[in-house]
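As written, the chains take the letters A, B, C and D, and residue 1 is the first residue of each chain.
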Amino acid sequence: MKTTFEQITPARPPQDESAILSSRKQIAARYREIRAFSERLCEPLGVEDYVIQSMPDASPAKWHLAHTSWFFETFVLQPGLPGYRSSESLNSYLFNSYYNAVGPMHCRARRGMISRPNVEETYRYRRQIDEGMMDLFSYASETRWRQLESVIVLGLHHEQQHQELFLTDIKHMFAQNPLYPVYSKRPERNPATVPALNWGHFQEGMYWLGHQGEDFCFDNECPRHRVFLENFQVASRLVTNGEYLAFMDDNGYARPELWLSLGWLTANEQKWKAPLYWEKQEAEWFTFTLTGWCKVNPSEPVCHVSYFEADAYARWANSRLPTEAEWEIASANLPLSGNFVETEHYHPTIAPETRNGELAQMFGDVWEWTRSSYAPYPRYVPAKGAIGEYNGKFMCNQYVLRGGSCATSRTHIRRTYRNFFAPDKRWQFTGIRLAKDGL
Amino acid sequence: MKTTFEQITPARPPQDESAILSSRKQIAARYREIRAFSERLCEPLGVEDYVIQSMPDASPAKWHLAHTSWFFETFVLQPGLPGYRSSESLNSYLFNSYYNAVGPMHCRARRGMISRPNVEETYRYRRQIDEGMMDLFSYASETRWRQLESVIVLGLHHEQQHQELFLTDIKHMFAQNPLYPVYSKRPERNPATVPALNWGHFQEGMYWLGHQGEDFCFDNECPRHRVFLENFQVASRLVTNGEYLAFMDDNGYARPELWLSLGWLTANEQKWKAPLYWEKQEAEWFTFTLTGWCKVNPSEPVCHVSYFEADAYARWANSRLPTEAEWEIASANLPLSGNFVETEHYHPTIAPETRNGELAQMFGDVWEWTRSSYAPYPRYVPAKGAIGEYNGKFMCNQYVLRGGSCATSRTHIRRTYRNFFAPDKRWQFTGIRLAKDGL
Amino acid sequence: MKTTFEQITPARPPQDESAILSSRKQIAARYREIRAFSERLCEPLGVEDYVIQSMPDASPAKWHLAHTSWFFETFVLQPGLPGYRSSESLNSYLFNSYYNAVGPMHCRARRGMISRPNVEETYRYRRQIDEGMMDLFSYASETRWRQLESVIVLGLHHEQQHQELFLTDIKHMFAQNPLYPVYSKRPERNPATVPALNWGHFQEGMYWLGHQGEDFCFDNECPRHRVFLENFQVASRLVTNGEYLAFMDDNGYARPELWLSLGWLTANEQKWKAPLYWEKQEAEWFTFTLTGWCKVNPSEPVCHVSYFEADAYARWANSRLPTEAEWEIASANLPLSGNFVETEHYHPTIAPETRNGELAQMFGDVWEWTRSSYAPYPRYVPAKGAIGEYNGKFMCNQYVLRGGSCATSRTHIRRTYRNFFAPDKRWQFTGIRLAKDGL
Amino acid sequence: MKTTFEQITPARPPQDESAILSSRKQIAARYREIRAFSERLCEPLGVEDYVIQSMPDASPAKWHLAHTSWFFETFVLQPGLPGYRSSESLNSYLFNSYYNAVGPMHCRARRGMISRPNVEETYRYRRQIDEGMMDLFSYASETRWRQLESVIVLGLHHEQQHQELFLTDIKHMFAQNPLYPVYSKRPERNPATVPALNWGHFQEGMYWLGHQGEDFCFDNECPRHRVFLENFQVASRLVTNGEYLAFMDDNGYARPELWLSLGWLTANEQKWKAPLYWEKQEAEWFTFTLTGWCKVNPSEPVCHVSYFEADAYARWANSRLPTEAEWEIASANLPLSGNFVETEHYHPTIAPETRNGELAQMFGDVWEWTRSSYAPYPRYVPAKGAIGEYNGKFMCNQYVLRGGSCATSRTHIRRTYRNFFAPDKRWQFTGIRLAKDGL
């Protein structure tokens, strides 16, 4: 199997580039780049910032750094590099996230109890893995390479996922601190007004869903399969803070008829009155961001809402959330561009103008909740062995999100990419795109 | 809309009967019959048995009796019977289950804290509702009748649902009592051997899903819509205790690779080692039933398993659970017959012999877990007003079950009927039917 | 040991009555009287009222009836009545409260899950025990009688304790019911004004503390021992609702400096703003009683306050709670009379006028929190065997209360009687008497 | 009031030294010494080790460093140093432990969520406080000095208390880490055998209890007052691991008759089978210490037991725990020497030989649980203002411990010193000394 990295946008055909890019050299370059980016994201941190786990869903920064290295150690170096010696017998226990097939693991909720290995040791561990990988890139036989290539590429996508989690976890941790540390300087933004929301129309019919071609994808995007869709419409842009404030002002958080039963329970138990990270000071709403506190900008997309809030908002707006099939079909001919982590904004931005129901902001800015429960595609078969635990076992009580966010790498996202979170989670960069039945 | 009761089995065409049955007289007869059956189910109870709520999911028997009456009072008599006077101002608070639109309600988990209204008063309340309903049957104008007919029929199906819950709740409550009371005498059963499991084959193609016609159905069975299905196979009978014991003996409860991640967590937290109500005495498994403790019969269908257990069993058996669409298509030409509550067995029975992949036990015995998350059908619109809270707001983090059980009324079930429970629930009569991808 | 019942007031010397009263006849009469009183207290109940356990601290009424019978069965009939046959093997499991030495027991918090044995069977069980006891009173040999007499008397005091718990548990259960059932008709009360609070003065010195003489007492009242007390003062009457309202109006529940640290935590977690059973309707405070809701009468003693509230009130009032030694010394020459359960008021009453620091209301009305942690007296030795579990093992994290309440039998209380509850409990009839250091 | 530090042992009379030592110079020297010791204790830590809070009872190391500085800032510099400017407005919020009178505070259980102020900033904060204090030592007027002297001395004792908490919290945190970091190198110890346990006898009589003289003490040691004690005996040394193992081997953790009811519940809920930090590897018990894992030495004192375990052990050994009065009287003529933090063993040591019931190990090694609930002494009056929250408000549901431990400073402990913890706490260096009634 030939896997390439630059071609993950089906819009840009792989063709002749493919042979070149798929070489070890290209993957090695990609490895160095992605690994370096993980460390670059850590630059604003002090040693103390690496240690804390602010809630069971989050992980300490140093755990992310170690775990992504452990992935390469466990699934590439140990099986693939003759003579490779694990540095520490306990690493496999401490940095295993959830791979039961690999052995027992440290309790997820207690990752913040561990001051050692310390930050320096963690970086040393990364160095060791990197050296092993460089050896492997240089010296692996062709046979061995063919066996390992796909899991290395998986490991790089895995690390990109943790880069996003790193950012959302740091944001959550800083938000717990009454000193409200700032992760990054606020970029200047041009004042802009939000374009009118209009609707893209899509015809009923049989469609192909899921990943096609030789490029990398996660197993949950396969197999490609047929679905029947009825006419539907998709909103041209994301729901804005201003629109969401209208929902709030219309008593949205206090009207049970707008909510799923479980959402209503959750919102009451957790006393939700606004998106996560919002706080009212006198008459004004503020939001905590990776660049510090700022006024809620009514033109920006609403962010840090749960599935429950997205669903309630949609009901209030006489709309609904799209299914993941609708989302994927609607995105078919769009360029894979947007406000990704590379912009270093770490915050969603105002939608550009579009015309004739052309869809904007489908990629980047915020992950878009769909109404689709995360489930296996027809004839889905998880990968063999421990890697098979990557996706399949989470297909229960989670909802699919699509399109990536301002914390996602552009080289990581795909049209067929299926992200998933439980419906009460709010600490990811999650937002709302509306859909409607078509005529 | 004309709604009839005897025609809910698509196998028996409604045709000319319809006109007759749809008359008030028929519905009134049906009302008397169903209401009487609720009370007949209570015959084995002592006064004390009506009071207890053995867990938040369950309700006291007297609450079921009152709540089903409250439904008629609130949605039929108050709007529809001129001069009707509610007996007690607090009833609406105490006996409202979850209809926010009707007003505030007593906390679900505290239904067992309420000794008054007592059992006699509860029956008196039922009498009052019944009298009001009889007046309405006799004297309602034709216009009024047309407005109320469908909600009355809904109320009767609602009461049948609570009859099933009544039985599962009593079973759960008796199981908490070290004296293990017996609800009903054990019927004699002929010894039988379980037929071999074989597979029914179904062709890929476009299918219509959901309720068709004028007969009663819940709003969640609508609208009828098209789905595309690939080739699939469905097992000819339910999974038996004997088969499930083989899974247990093969260490099924201790192998994480067989389980969904959430299922594994749940099974460990709740220390599941066998289906609910099973206990091992020396080398022998016993199960508590509504007819008391008995040895686990390896030929009977396994029962009281969660979605998580059903899913893990299927994975162990190199199969999967069917989707609800597959189940509905597979049941297309089967007679709506089986081991329902009318048999008064209150326990699933051994499958009959079938040939050539013909499906047995699709109706009755146990509810069959599907792998389909409970979600709205395309273009689903909940009913207006409080009745709209009946189904739609529960479409999150629940899984669809099909086919009815030994505690369901035969006149209540349909091929398109969508039952739903959270994936960790086990106190309903829930079992397993396997499916596989087709060739 | 000769134990008598009528002489428990040290003020009335036992003398010559003793010989007569100590006879079996007298104890048998006492047995019949106390057992009948338990049943008389149940007269206002419907069958449903016997079943519910409204919180883990409380027990269902039928459990109280059965447990007190179990006590006689286990500690008297089984060891003492030749040929006695236990009715049900499970009774010992179900009705054992906390006697580990007797065997395993049903989980305390699940006493409300058990509809059987039902109410009728419970009364039948009482009958059987009563018959056994009558046989024993009639036919036990003198030797046997001497062995059993003291535990029978203990069993009678035990039953009187449960009579008080029965009333507080019923009150708590009715308070959970939005229908607010009434246990008993309100007695007419003469309007009265509350006398001024003044102080009784007591001299420093060595005092004897604890039970003296041959009369019955619990083992925790022994041995009699010496304590040194400094000068102290005790308030002439209980703190009234009016005084407590002044504390509330002075922001007493919102001022941490008035509270023990643990009390402050508890009050905040449980959102205490007033005594248990109080509710404000518009500007007026109401309280739920066994005779229904009534306006808070500012002249009546405050009731249903925790140790934490009593302590905070005392600090606010520039006073303190008495130690149990001070209380016992202060009560030395007072008649053992007051508002006990025999008055059938089930609610504390206004203090009578007293002069010269004479103490009123020391007995009856409300249990008086002392600042003494419940601890063994010097050289305390618990009784041998299971009976030794009666008191000693609870001597941790509880506070001593003195004097009895409007739910205590006059024949049950003593000057040396040590009641005890955890400092956050409020469902007993508990109130406040102030003390101060003396000059 | 003249307060000195070297004279805190009543055995060594203050006399003429007093005048000299009480000078500012001496207190300033003492200040430098104690503050430096806090930082010296931190030397083995990496930056990451300062951040973690391993349970709500514990605090991060950097919080201890900051909070003890905050104490001087809040109670000395702000009121006492003209022109002093607080560094950070939030410090008062973050580093206030429980002084409600000073203002709101950060939630105790969330001290580990705060990566900033970081370790360097924390030390900078200490520097700033130290500079302010040096100014104050140099320039305060005599009047001002007299106002502040006692609170400065209190602040130093407060810091010594936190030095002990620092050690127990680091131990707890390291014990959560599967890498089991070592805080300090193990000192060599001479093999020694444990001397026989014999009993010191004390006569009944009136005794004075509590602090006497002008030296520093906490307010809870006052006022000195009289108590009457009966004859009693006190064990000549602490209970050893070997003796405790005999209790364990005799099924001590499985016999409810040995336990307080609350202790039995706690031991079962928390699955206690041995002291905290013990683990069995094959047939051998090991214990985690600040110098790493080592075999349980049967000759050393048992440590890290709760009050519940101490009480159960004593009951098993046909003894009891001493009251705090007995302990204080028994220690009357002993030198204030022992195994304190200055030895840098951080672990209790084997008792020396003693004769004739002479008591060993009364000071140092382990805090000794007494059976006395922590309560105010007669006529106790807490200090005015926020400082009054230091002790008094904790006098509920805690038990008094006496004598100091291997983590206590020798200059911190006193014969009359009252330490206190809830009866289920085990992470302090807590052990057992037996007592008995005397003849």
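Note that a contact is a pair of C-beta atoms (placed from the backbone, for glycine too) under 8 Å apart; a residue touches a chain by one contact, two chains touch by 3 or more.
What you see is a predicted model, and the numbers here were worked out from it, not measured in a lab.
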Given chain A and chain D, the chains that contact each of them: none
Maximum centroid distance from chain B, chain identifier (CA atoms): D
Separation of mean Cα positions, chain D and chain B [Å, integer]: 61
Separation of chain C from chain D, taking each centre as the mean of its C-alpha atoms, in whole Å: 39
Chain B and chain C, separation of their C-alpha mean positions in angstrom: 49
Two or more partner chains touched - positions in chain A: none
Contact footprint of chain B on chain A as seen in their complex: 98, 100-101, 206, 225-228, 230, 256-257, 259-264, 307-308, 371-373, 375-376, 378-379, 388-389, 393-397, 423, 437
Sites on chain D touched by chain A in the complex: 46-52, 54, 62, 90, 93-94, 106, 110, 112-119, 173, 176-179, 181
